[in-house]
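Presented below is the structure to which this report refers.
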Amino acid sequence: MMKTLTSTLAAATAAAMLLGGAAAAQDKIKIGYAVSKTGPNAPGAGITTIPNYQLWIHDINEAGGIKLGDAVVPIEVIEYDDQSNTEELVRAVERLVNQDEVDILLTPWGTGMNLAVGPTFNKYGYPQMAATAATDRAYEMGERWPNSFWMLGTSTMGANSLAEVLTTLKGEGKINDKVAMVSVADAFGIELAAASRPALEAAGFDLALDETYPITTQDFSQIINAARDSGADTFVAFSYPPDTFGLTGAAIAGAYNPAVFYTAVGTAFPIYKDNLFHDNVDGVIGIGGVDIDDPKFQDYRQRHVAVTGQEPDRWASPITYASLEVLQQAIERVGKIDREAIIKEIQTGTFDTVAGEIKLDRNVNANVWWAGQWQDGDFHGLAPASMKGAVKPVAPKPAWKPADK
Amino acid sequence: MTAGRLWLGPLLILAVVGLAVVPIYANGYYLALGISMLNYVVLATAWALFSGPTRYISLATAAFFGIGAYTMAVLSEAIPVAAVIVVAAAVGVAVALVVGLATLRLRGVFFVIFTFGLAELIRQIVTWYEVKITKTVGRYIFLDIGQEQIYWQLLALAVLVFVVGWLIGRSRLGLAMRVIGDDETVARHVAIDTTRAKLILFAVSAAFMSVAGAVMAPRWTYIDSAIAFNPMISFQVVIMALLGGAGKLYGPLLGVIPLVLLFEVINANFPNHFAIVLGVVFIVIVYFLPGGVAGLYDRWRAGSIRLPVVATRDSAAPGSATLELVGLRKAFGGLVAVDDLDLRAAPGEIVGLIGPNGSGKTTALNLISGALKPDSGDILFKGRPITGLPANRIARLGVARTFQIVRVLEHLSCLENIVAGLAFRPQPLWGDAARRRGRELLDRVGLAERADVPAGDLTYIDQKRLELARALALDPELLLLDEWLAGLNPSELVIGIELIQSLRDEGLTIVMVEHVMDAIRTLCDRCVVMNAGARIADGPPSAVLAEPDVIAAYLGGADA
Amino acid sequence: MIVVDIIVAGLILGGLYATVALGLTLQYGVARIMNLAYGEFIVAAAFGAWWLFTANAISPLAGLVVIVPLAFLANWLIYHLLLMPLVRRARSREVLEGDSILFTFGLLFVMQGVMLSLFGGQLYSYSYLLVPIDVIGTTVSANRLIAFAFAIVIGLGLYLVLTRTRAGTAMRAVAVDPRSARLVGIDVPRMSALAFALGGALCAAAGVLISMFLTFSASGGVLFTMKALIVVIMGGVGSLLGTLVAGLLLGLAEVATARLIDPGLTLAVNFAIFLAVLLVRPTGLFGRPSS
């Protein structure tokens, strides 16, 4: 067994050596991340996280590097695949810190994954820009780990934004006071549903249907039938992308035409319109949103397509890129890799990003689009209405047209 | 081997101490690597405790691991960590017992997929409960437990797994498991309560997995059902254990260490092609390393068992017949294999059970030994009903048998085959006593020279001898022989007949199904002739074999 | 009304499950290859259909004509080149099962890795014939209905092949007892290769059909493998009828649970039914009792 230990260490050391020696202080900046390239989380990471990391790295390399004081320092990137496994992720981050001695860590994809590495980021004092984690305990986490920043806000914000949109429409007499709500039985769906119950009640709505369905459900016809039978004018699904596509498909196939049709993650994905539902997307409300007319967003969109070959989604993609911009600007303002100072700067500074101006409130980004709508072929932000570029919601949604293309 | 033991003990202790001080010197990454390794060592070794000897491939690892992790998540703020770990083990055991009772009769792939389904069912129910009752799916664990503590806890757990595994391997339970793994029917016929043995080990294995889950959980801050019940855990554990070799206690260790390192090296060097490289490596392993790493050392191992147990046996109570069958009936679908059969065997009598092929003789033996349950009728052993009792209970009462198609435990040595017969009878023999008695029995059937040869390497005839010796190891009062003399050459036949005669002279009652008519005439006091499931004649061999009905039955049978 | 809803939707979903599992019935039931990469083959076929449809405007139904024979060939080659050495080496059925589990586990990763590098990790989906169709008073989407019809045709065709042709009879004999099959002059390795390839072709057909209405990704194959395994085992290894009945039963149960009890319990109920069936019949609905 002693022999085993020695050979274990030797092999691991050899493995680590293959990655290259220690970093020389400031002639380059080492950036490392572990993200789900394979496994169940791969689709999420593949749409939102990985392309934006690629774009950001591309942009920095274009510029020659990150500005540290007077010098422009090139970056070196080290990446791992966490295989959608929390334990692999924790180990990969430990490796990035201890073996690769990276200067800056980027975050993994997803709420659970970001929480899993929270203690590790905190232990080593690296800023954690959690751009794909939505939890109602964001403020509590920010307090517990002052180095962690929760860029996607909280579920309650999401619930309030949805209630805001529905209240507007009810005030205009477009919808009745009944809502049919379903949610995916995963942390994301359940938290949003839990936050929505009081928010909708406070706004004078009645939940005519309140159900969950398991992740990986493949048939949604019965949920759509139940929603139809509930007599609600508003259909709300806190869904994940495959379910968002499945629910919309089932609604079209079932000729179910509520005045408001809301699905969550995936609605703002480009393939929702381009590959799947084409003209039928008009009027669909979903999670996320952007200020389409903002030239900075348009510029970002074009660069994203040019570099990664795919459109950014209209929710977490710009936020992910913006969080990298915040990080970069904080580094450049500090002028050196002093992680404590960088964290301080992120906590207190104001940053100009593709997602507008960002100023964090107790480590949480509260300026996030939580509801948007497909209007005239593009996904516009609806709420919070206080956001720059917010458009007014349109209802009722036009009836589905059978798509036989 | 014995000399090796002397330095092995201190060396192991030294190794554990060496591993225990790792956190003092290693940085966070090596510690994390150590945690991953220890976690898989515990899981894979615990898995192999049950699945190695029984060859039941269980995919329920994730279920028990998840149960432990959830127990920690639910209770971490309410009670001390040590108490949580105890609760986790208890919950794991409870679930394993309930599940085991229901499922351990499944075999092969049905068991594999069942355990997978079970893990998924538990995950779905936990999710549903959280959604409906607690209205939140994720749970947060904020415990002030660093990597070092988790490492030490896992190391302690790993040591415990090995100690428990080692103790089980030396115990009768360990032998029982290996017999079950080789041939479950034989296991029951040497009086092993197979259900109980499997259940105990399944529960022990589950307890370790649950505790591993509880220990690991605080590391991730956040637990939801997808994380805790990740089915990949089950698959990786199976792969690691199989690669290392699940048949030996140290086998899984030999799989875990290279695989964890391999995953790590591949991921470090090919982060974008992890899947492809891993897959190719795997396929190469299957081609070039059949039987796992431990298989390479297969020849090194020789089983040895010692525990002091000495026992004697009292003689049977006289009076009623040793065996009495009354109106016994068994049908398979529309075919009535045994139809209203009556049979009596007095103490010390040899009764021949003869008849054409397919007349129901073997079925009758299977009913007596408990391999099959009769549809109706009674079986009395020494005047007491044993109808419908499980085979292991009947064997313990003193009924032993051989099989028509010989069933030795191929992977166990000849001596171990006999010890299996000695170890589970009502007055069990174990350790040196068992080995001494085992050699005597081997000598009796002429296999003294072959005690340490794996039974699978014997010739067919020798395997039959071994099987008889194993039956005798039970020290039975009733011996059921199913065509034991078939296939012997004339000189072997003479020896075989003498052997059976000597058994009768010792007072054993024998019921023998036989086609060798010379042997029937020589040995049997009485013959029962069966045709189409029913008794058509009963009496001394010479008289019975001359009856017209019997002759017709044999000729008719030959025609068919 | 609700009853009609449930029966129609349940049959269609159940038909989908049965279709997904048919190929595995052959691969495992006859060829004894527990193919853990089965779902990856389904996803690969779905990618093929997606590519034909979006880049070449070839409808998925026409795509079947291209993809299914290709899959047959590919699986036949895989059996001959990669699995044959393991089959030859195996001393018993158990050893082959163990080896094939480990081998296909590796194959799973290779295929997943290749698809990841070709298509990335994103979700893929396209819409084809997403039109409501009225079936005895309840609406069903045309693409699911067509997939169901095709599944019936394919299942029926397979049934005829197995019961009416010499090769089919030989395959059934191999499924029941390879040793005896050899004794009556059946070329067992050849039949196993044929069964594996035919199973692969059916698997590809299922992949093409489901791509019309399900979202898929390079890493999503495991889900299909598991669904197929559950259906095959519940039906009884090697039994076509069992696979069909098990699939339909699970589909009906899932839909009925979603409608009448709680959509959150659909998968729990499905697994519970599966476990209950095995408890009552340890070798599946139509499995032969083990001796």
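A few points about this structure:
The chains carry the letters A, B and C, assigned in the order they are written, with residues numbered from 1 in each.
Here is the rule we use: contacts are C-beta pairs under 8 Å (C-beta built on N, C-alpha and C of every residue); 3 or more make two chains touch, one makes a residue touch a chain.
Here the structure is a predicted model, which is why all the values come from computation and not from measurement.
Taking the mean Cα position of each chain as its centre, A sits at the greatest distance from chain B. Distances from each chain's CA mean to the overall CA mean are smallest for chain C.
For the pair chain B and chain C, the distance between mean C-alpha positions equals 33 Å.
Averaging C-alpha coordinates per chain places the centre of chain A 35 Å away from that of chain C.
Between the CA-based centres of chain A and chain B the separation comes to 51 Å, rounded to the whole angstrom. Touching two or more other chains at once are residues 37-40, 185, 212, 214 of chain A.
Within chain B, the positions touching two or more other chains are listed as 124, 127-128, 131-132, 272, 274-275. Across the assembly, chain C contributes residues 112-113, 116, 262, 264, 267-268 that each touch 2 or more other chains. The residues of chain B lying in touch with chain A in their complex are 11-12, 14-16, 18-19, 22, 26-33, 35-37, 39, 124, 127-128, 130-132, 135-138, 140, 142, 216, 219-222, 224, 226-227, 230, 232, 253, 257, 261, 264-265, 267-269, 271-272, 274-275.
Those residues of chain C lying in contact with chain A across their complex are 5-6, 9, 12-13, 16, 54, 112-113, 116, 120-132, 139-142, 144, 213-215, 217-220, 223, 251, 254-255, 258-259, 262-264, 266-268. Across the complex, chain C is touched by residues 55, 102-103, 105-110, 113-114, 116-118, 120-121, 124-125, 127-128, 131-132, 231, 235, 239, 242-243, 272-283, 285-287, 290 of chain B. Residues of chain C that touch chain B in their complex: 28, 34, 82, 85-86, 89, 94, 97-99, 102-103, 105-114, 116-117, 222, 226, 229-230, 233, 237, 262, 264-265, 267-268, 271-272, 274-275, 278-279, 282-284, 287, 290.
By the touch criterion stated above, chain A contacts chain B in their complex at residues 1-2, 4-5, 8-9, 11-12, 15-16, 18-19, 37-40, 79-81, 83, 85-88, 90-92, 94-95, 97-99, 111-112, 115-116, 118-120, 123-124, 135, 137, 144, 185-187, 190-191, 194, 212, 214-215.
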